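The structure's right below; bear with me while I get my questions together.
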Amino acid sequence: MRKVLPLGITFVSGIIVVLANFLAPAWFVAANREISLWFQIVAALFCALGVANLTRIHSKRLARHSEGWFFSIVLFVSMFGFMIIAFSVGQQDDLYRNLYNNTIVPLNATMYSVLVFYIASAAYRAFRVRTLEATILLITAAIVMLGKAPIGEAVFGSWVVDATNWILDIPNVAGMRGIQLGATLGGLAMALRVLVGIERTHFGGTGE
Amino acid sequence: MVTNNPWIWLAAFLTLACYTFPFGDNPVYRFVEHVFVGTSAGYMVTANWFNWIKPNLAEIGNGRYLLIVPFVIGILIYARYIKPIAWVSRIAIAFNLGVASGFILAKDIKPLFITQVIATFQPLDDINNILLVFGVITSLIYFLFTVEHKGAVGVAAQAGRWVMLIALGAAFGSTVMARVSLFLGRVQFLLSEWLFIVK
Amino acid sequence: MPNVDRRIIYIVMIAAVVYAFVNPMGLPVTISDYTRTAHAAIEALPAGAVLVLGMDFSPGGIPELEPAAKAIFYQCMCNDVKVVMIGMWVMAGDMGERVLDEMAPLFPAKVYGVDFVNIGFKPGNGLLLERAADNIIEAAVDVDHRGLALSAMPLFEQFRSLREAAFWVCLSTGNPGVSDWIKVIGDPLGIPGTTDVVSVSIPENMPFVQSGQLTGIIQGMRGAAEYELLVDRPGRATAGMDAQSLAHVVILVFIVLGNVAYLTRKTRA
Amino acid sequence: MGLIRPGLVASFVLELAFAAAVLTLIGRARRGQPVPAIRRVVGLDAIDEAIGRATEMGAPVHFAPGIGAIDNAQTLAALSILSHVARMCAKYDTRLIQTNRNNVVYSIAEETIKQAYVDAGKPAGFNPDDVRFISEDQFGYASGCIGIMAREKVRANILVGAFWAESLIFAEVGAQVGSIQIAGTANTHQIPFFIAACDYALLGEEIYAASAYLSREPILVGCLIGQDWAKMIGVLLILAGAVLATFGNYDLGRLLNE
């Protein structure tokens, strides 16, 4: 029961989606339509997993007064605070829009933008012509960088742009396509393993 | 000249606080990090609720009782927090992964494999076409794992590796622009919306 | 100078970008064929046609993608093309509202629900698109990001499914994103479309341009700047190009210095 | 063929053939029947070498399985490579620090390492405190990891799995603290940083080959051989199609579009 039921559900739901795509019979298509809607609902209901996980981890931290417990309070206040405000005023209220645009937007955008510092310091420390391969990589990267920033063309002339476009259009398309054809096959094989139930690692952590 | 909008001040504070991190981990950064994690998790819930869950509950209210089934399946995922019945959360995972894998098997092969193969059927009468065709072939050969890379196969595989290195170099160069763009966006915000230095 | 404090590197980077913003050099931006192709395809849409904007990004994608979203919206409104925004990313609805906040007031004659609409986020990734290709009102449970009923909007009297779209543009940060649009809408239904991708994803999407599955491509912030110039409305992407230039130079200089230091040490040792 | 949708006939036939090949090969491998051998991927030697060097220096090895969830094929590959690394570390009594971003991956990694120590005959050598869950947040995880790399004086840094923007942070800090670094990912946009900043990089699908080679797991081996055959067919199709196109014939493309 604990094994067969989930594997059966995976197989039946998946096979309908596959066959409805390739085969024409109307009832397949109808079943597929309903299953797709169900999938959307199930996926949406997973939305509180983040809140649940964080609540679990951070309430433990609070209870034990372990290092950094104060930050757990910060987390709870911002998480539940945001939800309470959003639920009480809705998504079109000015309060919500201001809160979203001035907390989530700057935080999300700035967290990732910190990477610019790492790429700058890695440029100095790590990107070295240690091997022939690293050298090819760096030379191509340098040309593309010059081709993408307007200053490259202003200083070196239009050949930088032409070279960049050629790199993107010919060797890049060839290399990326080679990688992607392989990756697509890998994805298909993985999906097949899950569908027929020989891949079960994803059930890990749900008890035996 | 700075803005007197308190919301912009809040956004500016959060932005600057994030930038203390590269200079060393510190309490201000840890504070905003937790605000970030908390609000993002809360947002997932509210956005899904307003745009999807609430209207579908209304549909059930309108008599589409069949929709109760996916609601039950979806809620089962939370059983993983209750030890004795943790296994029933597998039902939700199983359904979700079943449909997702079915979707990959249904949709990927044509546009991501066959169309790509067909697009490589280029007449070999032009140096760029020849490079493209043999570039794709050699990079595929590089990824053959049941054939030893010796002799002709070895030469082709080595050529394939070089072609891919050029592609990866292009990815490297493009990433620089991506990372700088992220930073530019924040500097634009600080200089124009907060400090009014630049229009 | 083998052991420069990394903080000095960071400060040089910050200084370069701020300097370029405050003192713009106004370096010319030449427009690539990729951007021209995308622009021309949208320009050729007849009045009354529907263009679908896939808002598949979050705030991290704003600097590279929002300027293009605004420029495309502007172009469509000027040409009486209708715009429907929908997204597989959870923040899609709010990303759409940011575009409308700035652009809708420029077109007082254009009406929400008639000329443009922001459906916002709906779950399901590629399966959302598949259902929307069947029936867009059902796929959205008849609700847009503002909580209004789609079935009451004049736009959806004519436009019942993504099949009826004339063109699509996916503003893509990653996954889900442009590959789902190609897999579900572009390739099987034969509806032309293009994408604005963050710069990281440019190389991996070029094979789809070569195969014709994408009609041109808008390449990150540079592409967005080119698009702004094509619709004759320079905005944030164009304004960022000088800072891009200087930042790229700084990084190239760091690479060169790092390698000089490395090679010197190697020859000495 | 009215049953199959027009335009998808060739796709459906090829997919069925692929599925049949993969499933047959997995079945054969499971029953111990002969299947084609998988060649050794070059980077694998580097893994053993790196562990060896850390052992000589009495320093720990750090292993990161990427930040993907458990349904990501790259994470699965990472876990089977982890099993090999853990067995090597157990054999040489070298300390292994393993860090995680995903809760589920964390619990499976812990089991994997424990089992490896048992297999190596040294169950007492396993230290649960060295398998660590850092943070669900991408940058929270990254900053936690680089802290460990610096404080614990890691000398071998093995990064295999699905990495995103944090790849550069790891690779740069690893290079800074002087670790031997072996990294691999199938996320194309991150491979260049691994090639530039690490001593050895497994490129894309090589991580799957490495995991199949090391684990001899029939599922992995069968899949990999099936994919290999499909790639060979891809090569032959492209060659034939290009030659035909040179003579102005595009029938092969039309046939595949049926």
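Going by the order they are written in, the chains are A, B, C and D; count residues from 1 in each one.
Everything that follows uses one rule, which is that a residue touches a chain if its C-beta (ideal position, glycine included) is under 8 Å from a C-beta of that chain, and two chains touch if they have at least 3 such contacts.
The structure displayed is predicted, hence computed values, not measured ones.
Engineer: Quick check: more C-beta contact pairs at C-D or at B-C?
Structural biologist: By number of C-beta pairs in contact, B-C is the larger.
Engineer: Taking CA centroids for every chain, report which one is farthest away from chain B.
Structural biologist: In terms of C-alpha centroids, the chain at the greatest distance from chain B is D.
Engineer: As a quick test, compute the distance in whole Å between the mean CA positions of chain C and chain D.
Structural biologist: Chain centres of chain C and chain D, defined by C-alpha means, are spaced 32 Å apart.
Engineer: I'd like to verify one number: the distance from the centre of chain B to the centre of chain C, where each centre is the average of its C-alpha atoms, in whole angstrom.
Structural biologist: So the centroids are 15 Å from each other.
Engineer: Rounded to the nearest whole Å, what is the centre-to-centre distance of chain A and chain D, using the mean of the C-alpha atoms as each centre?
Structural biologist: Going by mean C-alpha positions, chain A sits 18 Å from chain D.
Engineer: Going by the touch rule set out above, which residues of chain D reach two or more other chains?
Structural biologist: In chain D, residues 7-8, 11, 15, 71, 136, 139, 188-189, 192-193, 195-196, 204-205, 231, 234 touch at least two other chains, as defined above.
Engineer: What are the residues of chain A that contact at least two other chains?
Structural biologist: Touching at least two other chains: 21-22, 36-37, 39-41, 43-44, 47, 50, 54, 90-91, 100-101, 104-109, 111-119, 121, 125-128, 133, 137-138, 141-142, 145, 148-149, 168-169, 172-173, 176-177, 179-182, 185, 187-188, 190, 192, 194, 202, 205.
Engineer: I need the residues of chain C touching at least two other chains; which ones are they?
Structural biologist: Residue numbers touching two or more other chains: 6, 10, 13, 60, 62-63, 90-91, 93-94, 122-123, 127, 145, 147, 188, 199-200, 202-204, 207, 210, 219-220, 222, 244, 247-248, 251.
Engineer: Touch graph across the chains, line, ring, star, complete or other?
Structural biologist: complete
Engineer: Give every residue of chain C touching chain A within the complex, in rising order.
Structural biologist: Result: residues 4, 6, 9-10, 12-13, 27-30, 32-33, 58-60, 62-63, 90-91, 93-94, 97-98, 122-125, 127-128, 130-131, 134, 145-147, 199, 202-204, 206-207, 210, 219-220, 222, 241-242, 244-252, 254-255, 257-259, 262-263 of chain C touch chain A.
Engineer: For the complex, give me every residue of chain D touching chain B.
Structural biologist: 7-8, 10-11, 14-15, 36-39, 41, 71, 136-137, 139-140, 143, 147, 188-189, 191-193, 195-196, 203-206, 209, 212, 224-225, 228, 231-232, 234-235, 237-239, 241-246, 248, 250, 252-253, 256-257
Engineer: Going by the contact rule at the top, pick out the chain D residues touching chain A in the complex.
Structural biologist: Those in contact with chain A are residues 2-5, 8, 11-12, 15, 18-19, 22-23, 26, 70-71, 73, 76, 79, 103-104, 107-108, 136, 139, 165, 168-169, 171-172, 175-176, 186, 188, 192-193, 195-197, 204-205, 208, 219, 223, 226-227, 230-231, 234.
Engineer: Enumerate the contact residues on chain C facing chain D in the complex.
Structural biologist: 188, 200-201, 203-204
Engineer: Give the list of chain A residues in touch with chain B in this complex.
Structural biologist: 2, 5-7, 9-18, 20-22, 34-52, 54, 56, 68, 71-72, 74-83, 86-87, 90-91, 98, 100-119, 133, 136-145, 147-149, 164, 166-182, 184-185, 187-188, 190-192, 194-195, 202-203, 205-208
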